[in-house]
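Shared between the two complexes below is chain A, which pairs with chain B and chain C, respectively.
Coming up: the complex of A and B.
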């Protein structure tokens, strides 16, 4: 009898750990809906969807880095540089070519991150943390140097009308915003990539046990470069979606995106230890992070207090990640 | 017939025999004090979700004895020890240590009571000195570092060790680390020391020294619980033996009343015909020639491997055996290395190249280098063959499952399902998963680095049979093992490795074990 109830309790705990994010999301929606009547309005829904934009792309990219057992702090630098370079080029070479160059630039920066890790022999998350932190400073500073520190006011000061950027930033299809549709597209592609392809599985092997994967014939070095390049690409997409929403873009526009992306990935339940996780979990994580901001804004919680809550949730998520790992 | 005790001891030289004789005498002198019980365990049970790890276990350990605990992997030895040290809490039963009933305890409390455990992996801080490690956490009581080093020196001297107490533990050899652990146990005035597989990383010489120290402790009235897979050691060292199987105590007997074959039969619950299968004999033409491997550690390693051959590498831990095979497989960079396979020179720069040239490596440390522990048995088995069953980069799931089921069957891996996590399997079954990974690819050359380390007797035999089958089907095997009898019984040819060089080539059917060991020690 006692044994059985213990077993049942264990199962409940496992269940709670597994679906904690979903439960939290539902709870958050219910509470906010009750407390603030503005929450369940169409305006707020569109607002939420737009907020979903930039962070969700970055977090999708970050998912692969974290599943691969690494981390990328260079996001703020990459976002800033991609945004600035793309916007600077629009008037000279046209909008579409500039956007393509922006995407290539993001991918290249990620590729460089990965190459540096491979060449330096950095094979741990901790080393990746410091290397990408350094790279972020470099990318961000380049963004500041080439713009002289001035913001880009593409909304009013540019000659080019930038139709693609404008529709991406404000257009809707039915009730879905364009950026959200773009997000759904990337989610579908990356989900299939992660769960069905050899490369997707190889990333998990690399994150699960780098040594074993290497000895088992998995091309771990190529995988490291690939995940950083992929993250760079997704970050570039995030950067474009980000500046599409605001007509004035400052050179430090990417600040804190690495923090929110890591938080979304980990809160979603992808393990910081590597090997385990999925882009679907990241979607839940992003939803939670954004709903939480929205909820606290609607309830009029002070900005500094919001930071306290964010910090606490990140700590809690890492803690739970560890507990889950111990439970196996 | 099981290989008798006498047979296996023929590995040892005359002086060693004399030494064992002296051990025997030492055992006699303490006989009188043996009756007093220091630790008694009564009706202890422990369950984990889905497993009854210990089932109504009762056993008593007497003062001043060396008490062996043997059993297959997963039999419950570690669980029992972890309950004693306080890492796990028992579900039922009583534990009485030194006259005091112990209900709840923690590892630190156990230490202070005089019960210490020396784990296989050691519990030391590599970046502190030997002396600091011995008195870790007690610096204040000892009033300063000078005192610590002085006391550490005295304790080390008492077990006849010459380790410099100012040396960093990270720079010590495995044997020296063990000395530091023993000294640490003594510094707590331990009445009972549990040693978990203490010999797994020791050379024959170091093991002898360990035996002398253990014998000395026994004479001083300290009880040693000696957990080991190596039955030779149990017979040489222990007064009493407890055999555990499936969480139950099968038998506790004085060593004189047990034979080796009894013990094996009790451990596995059935009689094993042989400890080793009959040697395979199907050596053919040369398949691989290795010329002049040179790395920081290795000097001019050249040898040939023939088709269908089982080539044994014998040498001390750290002699360079693992480095040789890692260089061949492309896992480590070599300054100079020429490999010819079927008389064609091949370039192997990383394990992928090695795999492409049809070489497989079963690594030395299955948990760190072999398995992805949190992944399923299936994912672990298919890791290396997955790339071959893709279509446009997509994995064909049905084929993947087929591979896993085929290898689970083929190797009779004991797992509830292919989706079970690899870390829940016993050591032997984990090793089989890695074997299965390579058998699926069926490489021409399979390198096995310590394939049976920490694996129970029954599974060992299965692995021997597998290796033999590989050779008989025309595959070539390089086998590294620290267990001399194993290499000698399996191999067609043996190379001895000493200090980064090949120090001799032997035919294990003609040359004596003594000569081979001699060449390995250098």
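Coming up: the complex of A and C.
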């Protein structure tokens, strides 16, 4: 009898730990709705949806890296360089080719990251952390050097009109913004890729146990390069969405994106230990991060206090992740 | 000599010093060497603490924010009328507290070091911003500036602090059971645990010391500028951690030490100083720094990989 009730209690605790993000999201919505009547308005909803911008694309890419058992700090550099190169090329080669080159550039940068890690044999997160940090410095300094440190202003500077970028940045379909639709598209594709294809599952095996995956015949090196290239591509998409919304883009535009992306992925419940996690969890994580800042803004919380809360939530999420892992 | 043979960083330092002999710059002037020493000192003090964490197979990315926060706390308390010594002790203890929390989450709760310290860095950065409302604060008491602003026999005080703390850390690692236990548990955590070392206590204390050292560096830096800057950025912790690794304290854990870390930090800041003296644009400097970080850490990984394959 006692054993049974203990078992039941354990199951409840496990359930709570498993769906903590969802509970937190619901709680956050309820509290804010009660405290601030502005929260449940259409305007705020559209505003919230618009926030599903660059960060959510980057976080989708980061999910695969973290599930694969690695980490990528080069995102700020990649965002900056993709945004700058794309905007610089628009005048000479036209908008669509420039956007394509931007996407290719992002993928190539991710590919280079992966290659360096594979060649040097960096097999732990800590090593990947420092190498990608160095790569971020390199990419960002290239962005600063080619632009001379000046911001790019596509609203007035360019002769060439940029219809696609403009629609992406401001256009809506019904109440859904175009960038949100693009996000849903990538989410669907990546979700199917992650759960239904061999490669998607192989990434999780690699992250779960690198040696076992290698012995099991999974080409772990190629998978490492692939996840970094994928993250580079998604970061490039994020960079394009980022500059489509504003008219002036500075060369250091990507700062702190790596931090927020890691936070969104981990808060969503994807384990930093690798092997476990999904893009759907990342969506929850991104939602929580966005909702949190929306709520805090509506309640008038000091910006610096928000920083403290964000740090505390990241620490808490990592801690809970490890607790969950300890429980089995 | 053994250290020198293994040190790629020493060769780099000698190379840079040699190159600067033949360039027409103000590198070999007392003023510049003084500046270089001051810049190295602050970061070397942080690095001594980080060395402890890295030897224990961890790392600490919260040191930059801790540095900012402790300097601000010291200045705010002094401006509030508190006795200077007490204010400084409290500021240093605040860093120790952050290290204590880091240690609790990393060692006692077995969480991943780099991500926990990244999060703690964010949190502490927020506290620093909150305390100052994002504005730099300066101390009203002129004797605060004298702590590291003055010099003794031509050596800046901050460098003296660095030397004393370096020797203390060196002795701690070499001649105490705590230091030897750090190496043991960094080399193999399980073996250390089974041979009766209190691994949790030892590693926890290492993180407390890391936070404390960062706070000491923060107070000294604040005293030198007479200002507490709330924004530390992510560069300082990553550069210090990289510098430690460049010196030869490997992420594999269990190897390294204070002299190596000092050499690593010195190489990094010497490179910065040389490039500045040669009039290289800051953006290009960042590029060179990035290439150096990637190259040296990738080479470190490559050496470990080759060693594994040979066995």
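The working rule: the second predicted complex is superposed on the first by the 328 of 328 C-alpha atoms of A that agree within 3 Å, B and C clash if a C-alpha of one lies under 4 Å from a C-alpha of the other, contacts with A are read in each partner's own complex, and residues count from 1 in each chain.
Everything below uses one rule, namely that a residue touches a chain if its C-beta (ideal position, glycine included) is under 8 Å from a C-beta of that chain, and two chains touch if they have at least 3 such contacts.
Computed from a predicted model, the values in this text were never measured in an experiment.
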item: Fit-or-clash call for chain B and chain C when the two complexes are aligned on chain A; value: clash
item: Which of chain B and chain C A:209 touches, first, second, both or neither; value: first
item: A:166 touches, of chain B and chain C: first, second, both or neither?; value: neither
item: Touching partner for A:322 - first (chain B), second (chain C), both, neither; value: second
item: Partner chain(s) touched by A:135 [first = chain B, second = chain C, both, neither]; value: second
item: Which of chain B and chain C A:122 touches, first, second, both or neither; value: second
item: More chain A residues in contact - chain B or chain C; value: C
item: Complex contact set, residues of chain B against chain A; value: 47, 49, 329, 331, 350-352, 354-355, 361, 363, 368-375, 379, 383-384, 386-387, 390, 393-395, 421, 423-424, 437
item: Chain C contact footprint on chain A (complex, rising order); value: 71, 116, 119-127, 129-131, 133-138, 140-142, 144-145, 149, 259, 262-263, 266, 272-273, 302-312, 314-315, 318-319, 321-323, 326
item: Parts of chain A lying in touch with chain B, wherever the complex brings them together; value: 3, 7, 10, 196-199, 201-202, 204-205, 208-209, 211-219, 221, 275-276, 325, 328
item: List of chain C residues in touch with chain A within their complex; value: 59, 105, 109-116, 118-127, 129-130, 133-134, 234, 238, 241-242, 245, 251, 281, 283-284, 286-287, 289-294, 297-302, 304-305
